[in-house]
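The next block holds one structure in the form of structure tokens; read it before the comments.
Order of writing sets the chain letters: A, B, C and D. Residues in each chain are counted from 1.
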């Protein structure tokens, strides 16, 4: 009798031939992938994000049953030799050295923008104008103005059948997607607190060089735009509403850093011995309110010694709580406040069950996924959105909302931390 | 050879007769406890804190080799039958029903104040005026004005040989004391971040009654004074400097609550069916700056479902980081940033070694202590301070500093979260 | 509405005057403690266990509402000066230097035996013959023969109204008592696996001296009797049945150790420069079967570098699992296998709720207890057993059962690990 | 000055153009992948392991700079339609339905065997005879006899330039590889204890059907061969020596299970309503000795409710300890016993630093990998072994050693758990 209480999802992938996990081709897959319409991708940029997106495009159709067949068609960068090497390494069929040429190509369906934030608006607007779908890395732009025009263009393009998504990939960790599902189902009840940090430590050493991420003209902002944008989007996504206002404090701990020894994008002919000014924030802290009354706190920093990628979020509601830590991305912590007190506690859910988001297509329980799989899931979802004409999440409008919060944070920090409402 | 690398402190309490842990009487203890001068304690209040302090006074001399012999002489409360029962339960020799009578008794050396904050100033000032040493529960007072007069009186009394300590007992968890030691030794280097929360959940239920802790006239404030005071003091203690300024946000989530069914102190003849107004904060969040440049964030709440006593603090410095959680009070987490990267990580130090603060007198490694032992350690330290004429830590001046931060938090919260400097 | 789902036990100790936790005297306590009949304790031994038992006797009546009033009447040891110092330190009213004299005293109700195992049988049998109640430290004896006579004597004494308990204090950690409750309620269903270790590291250093615990004539055995006895009793207690048989392997890693520099009990006039032979096991591992079919594994060692007091037990049943670690003694880990897979996980129960065993008398939720409180609970339960004429748990018969398992382990280890059934 | 203590490896991948992580093509990659000699892979089997190996072959050359270019040439399975679908799904260029045909093809360099254990020997021997390199899934075979002939054939083939590896992929988790490195460097000193479990729970439900893994004729054994083989190999790898002997106990908890409803390999035309006999062990526990004197315990089960993939190993040595849990595969726990006691503790190393094994080619610190990446690393190492003529690890001889341990475990379990030496 006790056995019958076991849920039937406790399966092993070799269980039977109907298995739809990776162990077996899915039933629906009666034709070849080649028989599906292609989705020809042109990617701009080939550094960290370019590599991650390449893994996403390469893998999505091998794991999930997709309506379109992603094709790694073109990769684009300014240095011809480097982009050629990147194409070989990451498996792209051809190269371009001018993103404008890429955008104009007839044999491209989607433009995937993996460049620093200062070029997002120009490329995305051109791609939308050229009739392409767009995937744009976060943050959407470096200013609210840019983001506004991008969101408007995306809305107009959507009316023409084009889809534009912004790359907040941390929505697509199975554990965060499961958390969103549980919040939406009311498992937490009315929310009281949201607590979010994104802690890294790669700037602790004052001798770390002045890369593009430390220069306002390219990066827009520092920890705020890089890490803060992620946690703002994730918090709004999980809570299900946009932030109402913020009170912020930012700081640049180390104001002068050595210039990189090699030439770096946009830094021609610098002497290797010199130093340069850090023009972005090193850390940003802010408190915030959600319209429904929940209080929130945020912290983004690159100076938290020993914290490598500690995106942590906790939500406390009247009925329960959830907690997540990106350094343990296969886990979700859940406290069910309706349990009897003597048996209640935060439980560590291993988010590797077939019932969890994205997991029906992956490995058996307990066989965890990694960081890169957020990009596989992003590719999967975007392909479905395109094939089915669905409005993507997060849309450029969602990206604009994050941009407004970033702007309010900067405004509050400049105005002595005064509470600064966020326009919707 | 490898064996010789073992540190000699790895001992078992039965090891030999020189052992000075609880297994054996300490060498110095050649006389009887009875031969030591007594320290006659009179305690005002007998609820939660009264019980905890009783355990402290009862146990300190049984575990530590003290210069004075603490005597549980008098316990004081307004309800004669209740205080009599409390005396029997907690082991006090006699009772009083008027704290003024207690303060005037010649056979009392120290007044231990365990009442709500609204009576701290009056009792403490009278006790100091009567020549007694004083231990006062936290927060020191309900206002900066009260705290200022208390700190001044304590300074004057110190010149006369009296000692006055405020009961921030969380300085005396071995793990926090060890953390302070490590910060003071420079193991963290220059501090960049301090992150502190004190999360409880006993107000999540809107039907929880309106106790004295929810009424401003008695409690002074809500989560802020109760939990916030603890984390402000602890953060300042660990960092080693007072806060420079704050930007704050407070909230009362549930504004009406049922009145308690029984009569409660200060609430005579209330109908059991009614509701009353919550006049304190339910939650307080603030960001802050330390003079040396470190950034801090604080959160105190009683609405964090599933968090029972989660006083958590993390410090990030250029050379290392420390983290502590009161729910696991025998542990301290330490990241040594000077370790080679491939072997570095947050280590879980079980703070139960003989080299750790207070531990030389306790159990073998791994045999943990509990919450109440902070009061044993507080009693131990205070007895030493009195016997040796040492300025106590935390002093009433330290308590005043916390009061100033609390006031600044309330001021900032009222002024739209604007950054509010703290007078020193 | 969500609020009403909250359980009413989420209380704060200052909530109201009916509070029965330590914050307030309990309602039943209408009389003084002095009005209760006394239970006059005579304790033999004053080292580690003597100190721990003293804390238990001193505290039990201050926390719990007991039917008898424990009195620390006599402490006994062979060295007159040392036992006098121990009496002062630990609060015993008088001393004896001969346990036979103690046992014969008319003003003693209970003999508490805290000596090494080689003297347990003689003292306990004499005490029972003298009409005393007995508390005997674990392991009950050094041989099955001794334990058998002790269990028989205890049964006969019980018929005369005497109570005899063996000090397996780890049954009285609130978390283990809660675990037993859950197993008994069927929350785990049919058990399949039991996994137990007790890991310490104080013998890793080969220069650690040859104390009495390393000599077979006094200690009986090494890790096996010291640590193994604890985990055997705890496993049988939690599972609810005795072990059926074992297959064992033992080892002495370091066979010669330096003699202690000072004189040690039973080691008169030894040269400080010499070494002696370790005559007990350093580590013992065994697999086992329970009659109901569950499989078990056990490991006891003092060579697990970095593990200070890692008594860990995990039980896996058809409906759920439980896990406990003594290094985090306020926590119990529970997996409810009947939860939907997407929300199931091991939950960390903070065993500090009023509904948990022993906790109704202690601090608010999240304010943890320590190692020594197991002795407070042991004293509490024993006082109740005596007052109410109840058969104690664990009884001497339970202690005998553990002794039989220890003997079977040694027999199996000598016979090439062959599976060795345990007589019941 | 403190800053200079920081190690220079704390980098961000966008740091500069010399970056060799995934963000940038590696410097050595001057030619195209296409310019490299191909390694044409033919894979037999396409279920769980087939999917995992496909990910490995597809990804290895995209992440690492390989001397040969892996080509997914042929996939082989008996059901033509299914294997065609698998080829499409997993990206294989062609299909075969007879492994003998695959082995004979001239355009295949390596045969990758992903079938159940009963066919390993025949396929591997044929592949080696045909001059192919071989990768064979674990366990190497179902009997010592098969494994012996396979190891002999592999040795002979190695003399002819062929490489044969067995797929113990858990050696290639970065954390286990780092652990091996630390043991080999002497960071643990002389080993005393090894503690290993592999816990899953997918058989807890007695209604789970009788798949091939529960039938001796195909699977060879149950938990023992499936999970036990992994932990035997991993323990021997980490310790650096083969096991000397074992004392074992096995059990089949549920002896009858429903037959699968669909046709399953080797089970033609079964009625869906019937049940069949489980002919393998459900759980296997054994203690063991290493030649150097360390003691070990092993447990493999599929009945540990709530444990999904808990391969856990702990090693205790005179100088330190290591612990690993596959459910948190990006972490390694290390206790350095030579640290001062007050600062020592198990540290959680996030094994995501560029100095960690395999990590120089992956993502920035804290961006974790997943289960499947063990197959990427396996493919990488095997390609290097082939290109450089290196003896692979683990070799078929290593696989044979595991087989001998499995046989000794079964022998001991049959002989009442008597200690059974393992022939080398």
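We adopt the following convention: a residue touches a chain if its C-beta (ideal position, glycine included) is under 8 Å from a C-beta of that chain, and two chains touch if they have at least 3 such contacts.
Keep in mind that this is a model prediction, so the values were computed, not measured.
S.K.: Would you identify the chain whose Cα-based centre sits farthest away from the centre of chain C?
M.R.: A
S.K.: Report which of C-D and B-D is connected by more C-beta pairs in contact.
M.R.: When the contacts at C-D and B-D are counted, C-D has more.
S.K.: Go ahead and note the Å separation of the Cα centroids belonging to chain B and chain C.
M.R.: 32
S.K.: Find the geometric centre of each of chain C and chain D from their Cα atoms only, then give the gap between the two centres in Å, rounded to an integer.
M.R.: Computed from C-alpha means, the inter-chain centre distance equals 43 Å.
S.K.: Determine the centre-to-centre distance between chain B and chain D, using the mean Cα coordinates as centres, and give it in whole Å.
M.R.: So the centre of chain B lies 52 Å away from the centre of chain D.
S.K.: For chain C, what residues touch not just one other chain but two or more?
M.R.: Residues 3, 6, 10, 201, 204, 307, 318-319, 335, 337, 344-346, 350.
S.K.: Across the complex, what residues on chain D touch chain C?
M.R.: Contact set of chain D toward chain C: 188, 192-193, 195, 197, 199, 201, 204, 247-249, 251, 253, 283, 285-287, 289, 293, 295, 297, 299, 301, 303-307, 316-321, 335, 337, 344-346, 416-419.
S.K.: How about chain B: which of its residues touch chain C in the complex?
M.R.: Against chain C, the touching part of chain B is residues 3-4, 6, 8, 10-18, 21-26, 29-34, 46-48, 50-52, 54-55, 58-59, 62, 82, 84-86, 88-91, 200-202, 204-209, 211-213, 260-264, 307-310, 326-330, 350, 352, 363-373.
S.K.: Help me check something: in the complex, which residues belonging to chain A touch chain C?
M.R.: For chain A paired with chain C, touching residues are 2-3, 5-7, 9-10, 178, 182, 189-190, 317-319, 332, 334-338, 340-350, 353-356.
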